[in-house]
Amino acid sequence: MAITLGPHQYGKAENRIVRIVRDTARHEITDVNVSTCLRGGFDDAHLTGDQATVLPTDTQKQTAYAYAKTVGLNPIEDYALALARHFVDDVEPVTGARIEIEEFAWERVIVDGTSHDHTWARTGREVRTAAVTVDGAGEDRIEHVIQGLKDLTLLKSTGSEFHGFLQDEYTVLAPTDDRIMATSLVASWRLAPGTGEDWNALYASVAGILAAVFATHHSLALQQTLFEMGRAVLEAHESVVEIRLSAPNKHHFDYDLGRFGIENRGEVFHADDRPYGLIQASVVRDEFPPAPLAWEKYSGLV
Amino acid sequence: MAITLGPHQYGKAENRIVRIVRDTARHEITDVNVSTCLRGGFDDAHLTGDQATVLPTDTQKQTAYAYAKTVGLNPIEDYALALARHFVDDVEPVTGARIEIEEFAWERVIVDGTSHDHTWARTGREVRTAAVTVDGAGEDRIEHVIQGLKDLTLLKSTGSEFHGFLQDEYTVLAPTDDRIMATSLVASWRLAPGTGEDWNALYASVAGILAAVFATHHSLALQQTLFEMGRAVLEAHESVVEIRLSAPNKHHFDYDLGRFGIENRGEVFHADDRPYGLIQASVVRDEFPPAPLAWEKYSGLV
Amino acid sequence: MAITLGPHQYGKAENRIVRIVRDTARHEITDVNVSTCLRGGFDDAHLTGDQATVLPTDTQKQTAYAYAKTVGLNPIEDYALALARHFVDDVEPVTGARIEIEEFAWERVIVDGTSHDHTWARTGREVRTAAVTVDGAGEDRIEHVIQGLKDLTLLKSTGSEFHGFLQDEYTVLAPTDDRIMATSLVASWRLAPGTGEDWNALYASVAGILAAVFATHHSLALQQTLFEMGRAVLEAHESVVEIRLSAPNKHHFDYDLGRFGIENRGEVFHADDRPYGLIQASVVRDEFPPAPLAWEKYSGLV
Amino acid sequence: MAITLGPHQYGKAENRIVRIVRDTARHEITDVNVSTCLRGGFDDAHLTGDQATVLPTDTQKQTAYAYAKTVGLNPIEDYALALARHFVDDVEPVTGARIEIEEFAWERVIVDGTSHDHTWARTGREVRTAAVTVDGAGEDRIEHVIQGLKDLTLLKSTGSEFHGFLQDEYTVLAPTDDRIMATSLVASWRLAPGTGEDWNALYASVAGILAAVFATHHSLALQQTLFEMGRAVLEAHESVVEIRLSAPNKHHFDYDLGRFGIENRGEVFHADDRPYGLIQASVVRDEFPPAPLAWEKYSGLV
């Protein structure tokens, strides 16, 4: 009955890199949070403390900053691919690498109606994400790119119903045919392997589709809305083979003002914090096989 | 040597109210976090537990939600004034009220190039704030309005220097004539009493001036930039008698890539979290007396 | 080339339930954050908006609070099992349930040397966690219990080395034979199916072992320490078949005081925030098959 | 109508310093977050950008780390006093300094029943604070020390009432003679000038009194409890001339299980996040004059 080492991985999390391109007077900015994760033959480090096969997390950090210059950060998907390939190809014990990136958006400050050359305000509207996995060598080489977003907070003040649900002895919820629907969306979409993409254009398109379908789809449930959002993305982009969506149902409760003789026709709401419904769904092209490796997050092991 | 009750106040913090105006198909949204704070003759509640003069915090909450309908939330300054006056005028033991509000901005979702009637995305760019104090009755009545913002994250990639500073035995900082300057601005500006203002227009103007001066002012220090930002606001708006600015110096350190034979001419930076410089300054019209009561925050007692 | 619904699940996240047992003058408290997640035949809700098979998340909330009384919250593992079995057994469309719990620890306040009957202070030392999965019916029924902890912040001021690591062109880290090692540990251990456990005793034992091995093991790397921590748990508890550990390397950098003529022999450190090394490892009994379903977190889909 | 510079200050916020004393095999740890704030003649920096009187925030950081070795961090009040006096006495343009410190508590890990020599777990129970102000020179020299704590989360499951309160047209709250009372306490107590104190002993005593009175005082309102807590501290410690308390009323609402035929006699509660009552009070010795300068927080200007 042996006790042995199981799955393991390690890396440098949350390298906060800012890259300025200043070749002309009109600068460009890319602002990211990069985590690098290596997989491979690191058993001795765990079993005996021998670090001979361990590339220090400090080295991974140095590499991440160096590549921000030599490769550049824009688009983040190409940067992540370059970094992952480097670790797998150039560092002998490494058999797989996972690069996860958050990108924070900035918009140029407006001065007298004109966008400024070298000053920005952080928009805070949503965070763009990328997760790249490179695994194996030669014919067994696998590369996955997942593009995504998080913290996209959407709200519609009508066009949302919820009724006809299953009832049991603990069901007291009243059905409704008009409610606020709000969420803070997380979405991740996986690209077909080997697709050549204009990553920035793809991102802008998908993010736009998600918001537009949320707005225009008359919803019978958040579940339905999520599926329609995902389907619209896959219909618009053949290269996207799968999309996953996680949507907290940020409850906005009608506030009872009738007690005070005040009518409230869906006008005043309490935005509650917790608990919240949490709906998760995926939409897939059924001719493509699942790719579990693509979804193995750095934070996912424990 | 008597031990007695000193200053005290109480209220309901962080009422998360969302108001939808749905009189036409094109809805409007206002999303706020409201805290109410009452001051007055509540000694018995502390000294003997007698609550006869204490309006429950639950009642303050109900009132805040009711006024969101009857008065409306837009602009937040008028809502805060109405709420504060109500507490002071209509609740006998209350001699002063402080209302603090955070307002979260939303922008309409774009569908096929058109902004949607009832769907929004939260912008996250900055949070608008208001702090209203109403104190006393009759001739002694004082009303203060402070408008403000927080979490306005600004960055300029050039046009900022720092040198010629005082040196002592612990000074190792190298002077620089070109650096990134970034901050997450907090600003509050106090209005002259009795000013009739278009609050939303004033807010938009001041927020724009702050960002524009940050962009265009060639900076010898964050201190200088803050003063110029404040001065520009007071020059543009006669009704603003005072502005206070708090600016963390969000350090972006040049990353040393020379060790790897890679030139880094102000292109790759590490965005550090802590510690950070923190600069605070105010700009005032010297003919106006200070108004310490206006700045007594709900959170400021302890 | 069909676009179809892929994996999906839903539930109520973060029910903040506090249970007081007050049968005698000496009360007991259990304070938890419960998330319920259902899996099963909810396709119509996504595809057509028909909610006939959807038990509302509000109902899941009511059930979670009701079971806090009828079943009780202590220990959280039994509560989670009861709740999960209810959803799978009593709600027809539900084929699987996942219950995730955080438990916040309280200790009795000391008054004149005696612990108080009905007053506690929250300890904040670590958060205990449980994740229970119940899936299928009859002979195919599977039940998994994972016990764990998070936010256990440990630091040792000596007894930790790091050297002999792999070097490449980006490696500038200096080897060390004496450093601070600190982490904020996340650990999860899976129980053999069908084990009858004294859950509270098991938790106390495992948490104690993890901290003790961290303390006493002379470390050549955080990787090695993690393996030894996990091995000690499996050696002490036959019912534990697997443990997973995630450990940020919370860097404490020696501060360079030599510039000021001050000697610093491992006495003054800067505790840095980001980036940080992140080491993850698992220790397993090799005669037990992996149980991927046990590790499918509610938050893990996207 | 001149526009001029008003109050201003600057410094280095959140220096995260860890000090290990390792003179014997039994090490000691002090873990702090230090902010330094300088006041004085820095007008030129704001008005013209001339930094000749500005000691860089980087220098303040270096000094804070150096003093952690030369003066030591334990107790934090003596460290803060030394640092503040240095800035005021040794840096010419500085007329006043404010040092604010958070101290994070660690407890030794237990191994085989014995506390370990060089390994600790962070307790997380509460954060100890200190705020020291040094202002002026010679006969005008003023020194203030405020000791405090925050994040002390206390809960009592009985012994708390709330009734007999003021009612108006928005009052719907039901009175109660038995409820949960819970808070996350912030407390700050000011020492008489020139008191020689055993700071660590004083802290332990005051923190113990606050918790014990919360436990044993039968409460008619959180207001009353706060006053009694403060009074007990002043009665026990003559050197404490003033204490300020801020207490969110962390609402625990009885959960309505009657709908399901389940009796809930104060056993199952929903711990709500927002809104929350927020009660603030101070208890003072009336023969001592107020000391507003002592309470001017670094974060308090804006």
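Letters A, B, C and D mark the chains as written, and numbering starts fresh at 1 in each.
Basically, a residue touches a chain if its C-beta (ideal position, glycine included) is under 8 Å from a C-beta of that chain, and two chains touch if they have at least 3 such contacts.
Heads up on the chains, UniProt names are A, B, C, D = Uricase.
It should be emphasised that the depicted structure is a prediction, and the values quoted were computed from it without experimental measurement.
For the pairs B-D and C-D, the count of C-beta pairs in contact is higher at B-D.
In this assembly, D is the chain whose CA centroid lies farthest from the centroid of chain A (Uricase).
Comparing contact pairs by residue number, the interface of A-C is reproduced by B-D among B-C, A-D or B-D, since over half of the pairs coincide. Separating the centre of chain B (Uricase) from that of chain D (Uricase), both taken as means of CA atoms, is a distance of 23 Å. Centroids built from CA atoms put chain D (Uricase) at 31 Å from chain C (Uricase).
Within chain D (Uricase), the positions touching two or more other chains are listed as 15-16, 62, 66, 170, 172, 259-260, 273-274.
Touching chain D (Uricase) in their complex are the following residues of chain B (Uricase): 1-16, 35, 37, 42, 45-59, 61-63, 66, 90-91, 93, 148, 162-168, 170-173, 186-188, 219-221, 223-224, 226-227, 231, 234-235, 242, 244-246, 248-249, 274-287, 297-302.
Residues 169-170, 172, 259-260, 273-274 of chain B (Uricase) are the ones touching chain C (Uricase) in the complex.
For chain C (Uricase) in complex with chain D (Uricase), the residues that touch the partner chain are 15-22, 27, 29, 31, 62, 65-66, 68-70, 106-107, 109-112, 116, 118-126, 151-159, 180, 208, 211-212, 214-216, 252, 255, 257, 259-260, 262-273.
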